[in-house]
């Protein structure tokens, strides 16, 4: 209770805000030159979001008194190599986040579009998160285009029309505030007429516990498909990290199970970050297997270096290697909502592959 | 070398003065859970703009000296349940308002996209305006999709390419400033080649008078259809309000007449707002009839409560009941530019119906 | 030299910047009433960007210490007569500029979407730039829709996926800072799979020299077409200006050569600006010829007046006359990314024509 209030107050106090209001304009640009090679095909390109999701947003918090706060968060993905967003036809839209919130001693209530509870462990407990050549999503997240999707693409990372309750979390909700239990429960309306199928309904929950260097969280979700109520996506995932000081170690495991496709994707990863001078080394080892007839499997090894030029600006380089087995078609998904598609959906998505990113990120 | 550094340093050092400037980033998010039932069909959803139009905008005013001011207003509708705008494919666009203005002792001149003179009485003299379950537009505004439209949908609320003259009005132009006469005249260019039909041309005017608790205004307009000059939309409307202190009473009446469809829509409403503690109760009774062969009619009764949590934040609930007669197809249009469509265009748009909104609005 | 530094400092001082951060929200709205007549057809309309490109943007610079700076620039075109951007379906997108930069004693490195080196002389050495009825682009820039394009429309003004090196230029890069040599070299990735054609690859360079009232620059570029590597666009251009105080004289010349269409466009222009009281008179004479069988030719005479109401606001009027010879189809392209298309692509694009703009521009 108190911890969420303190965090909100801290955010409000330290944000770059307009003098006459509590509105904060924020964002990040991340640009990189990438080269991906797989199955005898390669591609060199300028791409985005290898380290940090390029974005532009507006957010605010208002103190209502009596321990109550109102807030909002509008955030658009930016594909800054071309000046586009990730909406239809490249439109700039606030699909990264778009919510209104009320917070108080009871916790936090959110209405709108936000990350799902079942997404967070993918990014919190993976040193590369879901970004760049080393993205854990290449060999885990069902929302990508790798093979028969084991997760509902529409709700894998975010949902529209969500009603969420949060405990022990700040406005960003990526993780906990302070010590103790934290949680997020989200229900997303299907928004069908009563005479039509209830598509893309989502229900998920995540519960975690953090104390000092230790953090662990588990999540579970169910989602209707875009075709309606009969076919159900189910998933669960679990992640944990321990910060030893000289290195932070993290691991995650999970299953995406699609009654629609009849396939189950089981994945795990082990990784960590090692502080080095003004920067750090992220590294991870990930594995996925699909219970289809062929028995698809893939491994990914990723290694990088991030050099901080300031608190807001960093240069980075990432090397990643994916090896498919039994005909698996896992590949480099590329970052930022599909705007920079890597090899997803191409003839390259087979065999073994190597991805390299070299880039700069700048937050504001 | 040095020269580029000097310039960059100059930029960096002095770019710290939003307070001095007249640019304002503003907006509102309004999210609600709604349930609409009509003709045996119902729908439950997260929706937006039940009390206040969700929006994000930038505006500014510059004092030119000599009693002259330059200003601009860019405002985008935000469908915050999904993070979209109301442009093509959900793009965020400044279609709510996009104008440049020059003001002085002579009045105010505006160029661009803005509300039409014939729109304002719909929102100023209706306690629910054109928003939410109780929207007066459900049983009045021709721009909706109810039956054969009596008004040009393209110019019912706003026009592109408008040249407006205003007197006695501030930048928002929703109503008057001070005591006396106020007015808006708008001409919108058709923008056709001289060899083609002049589509969507608009000419309208609104004149009002306000003094103390009393306010009255009338408006009239003509608009070409999207098909060209032959078919003309004509409308007029009149509204008034009186603030008794313990309650503000308001009424409006008008006609939307389409030579295109051959139908005339006649509507009136009576309503008011009653202050109660930290909030107020809006209520309204509206009626519409169409001069088609069947003689469509509909009534709407709407009642709500708005509880102010601060000057910027409020919680609200609205109940609304529509009863159609003689086969009328009036229904809950939903808010914010069609992004949350209520029942418009569905099989539910017949018989009697009930709409309930429960939501939160936050302005910034 | 000093004036550009003063201008940058003035810009920074008056820019709307956040108090605690280096983020600047900036832009301009320019609205005009235009009448274009050509080949017996005319069109009257509200349009935008007759004097200044209507835009909305966010930019920032961070001092990294050690003479190093990080910066970014996101800028969207705004078609303010309709509240749209110039993306697909009118979406607001940051296609005017979207780059991340690192600057230091070595110069400046940029990644993303930006103006091409081969574009700048079109706007720097033409009194009307590429805007409005008098736009030099009407009779020069291959990126328009005039006849068989002599330049790659995709890279004529800007490129996606660009990697640029700049010397002696500030964040805007429209021209030089201080005295001496300035330069921009840009390479834009084709982003094809190695098994597919390399489309829209671009390589260009611009080198200039400025000292006191004197400024000269030349540029050259090569670009693949959208269809791949076989067909190549080649162009070069050269411009210069001298400020006599009582008038600034400027000239440009160039060739756009398309192996795709088999045509070569050769153009030159002579013009200047004459300070008058609180404003100035821009005037220009332009000529273009195409080496097709008919031997298309066109001349353009343009004359205007810009009256400054403040440093940020001006009223303006422009008169322009185009005369085609030998069947040439040059016409008024209209401003701001094709959103206000003038006569481009219509039956009017032949014979002689007259364009008149009367408008207001306001920067913030």
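Read from first to last, the chains carry the letters A, B and C; within each, the first residue is number 1.
The rule is simple: a residue touches a chain if its C-beta (ideal position, glycine included) is under 8 Å from a C-beta of that chain, and two chains touch if they have at least 3 such contacts.
All values derive from a computational prediction rather than experimental measurement.
Colleague: Sort the chain pairs by how many C-beta pairs are in contact and tell me the top one.
Modeller: The largest set of C-beta contacts joins the chains B-C.
Colleague: Please state whether the interface between chain A and chain B is built from the same residues or different ones, using more than half shared residue numbers as the mark of same.
Modeller: different
Colleague: How many angstrom lie between the CA centroids of chain A and chain C, rounded to a whole number?
Modeller: Those two chain centres are 39 Å apart.
Colleague: Where the CA atoms of chain A average out and where those of chain B average out, how many Å apart are those spots?
Modeller: The separation of the two C-alpha centroids amounts to 37 Å.
Colleague: Check each residue of chain C and list the ones that touch at least two other chains.
Modeller: Residues 18-20, 22, 25, 60, 62, 71, 87-89, 91-92 of chain C each touch two or more of the other chains.
Colleague: Flag every residue of chain A that touches chain C in the complex, lowest number first.
Modeller: Residues in contact with chain C: 15-19, 25-27, 29-33, 41-46, 56, 78, 80-85, 87-92, 309-310, 312-313, 346-348, 359-360, 362, 364.
Colleague: Using the touch rule from the top, collect the residues of chain B that touch chain C in their complex.
Modeller: It is residues 1, 3-23, 25, 58, 60, 62, 64-65, 68, 70-72, 74, 76, 87-89, 91-100, 102, 111-113, 160-163, 188-189, 191-195 of chain B that touch chain C.
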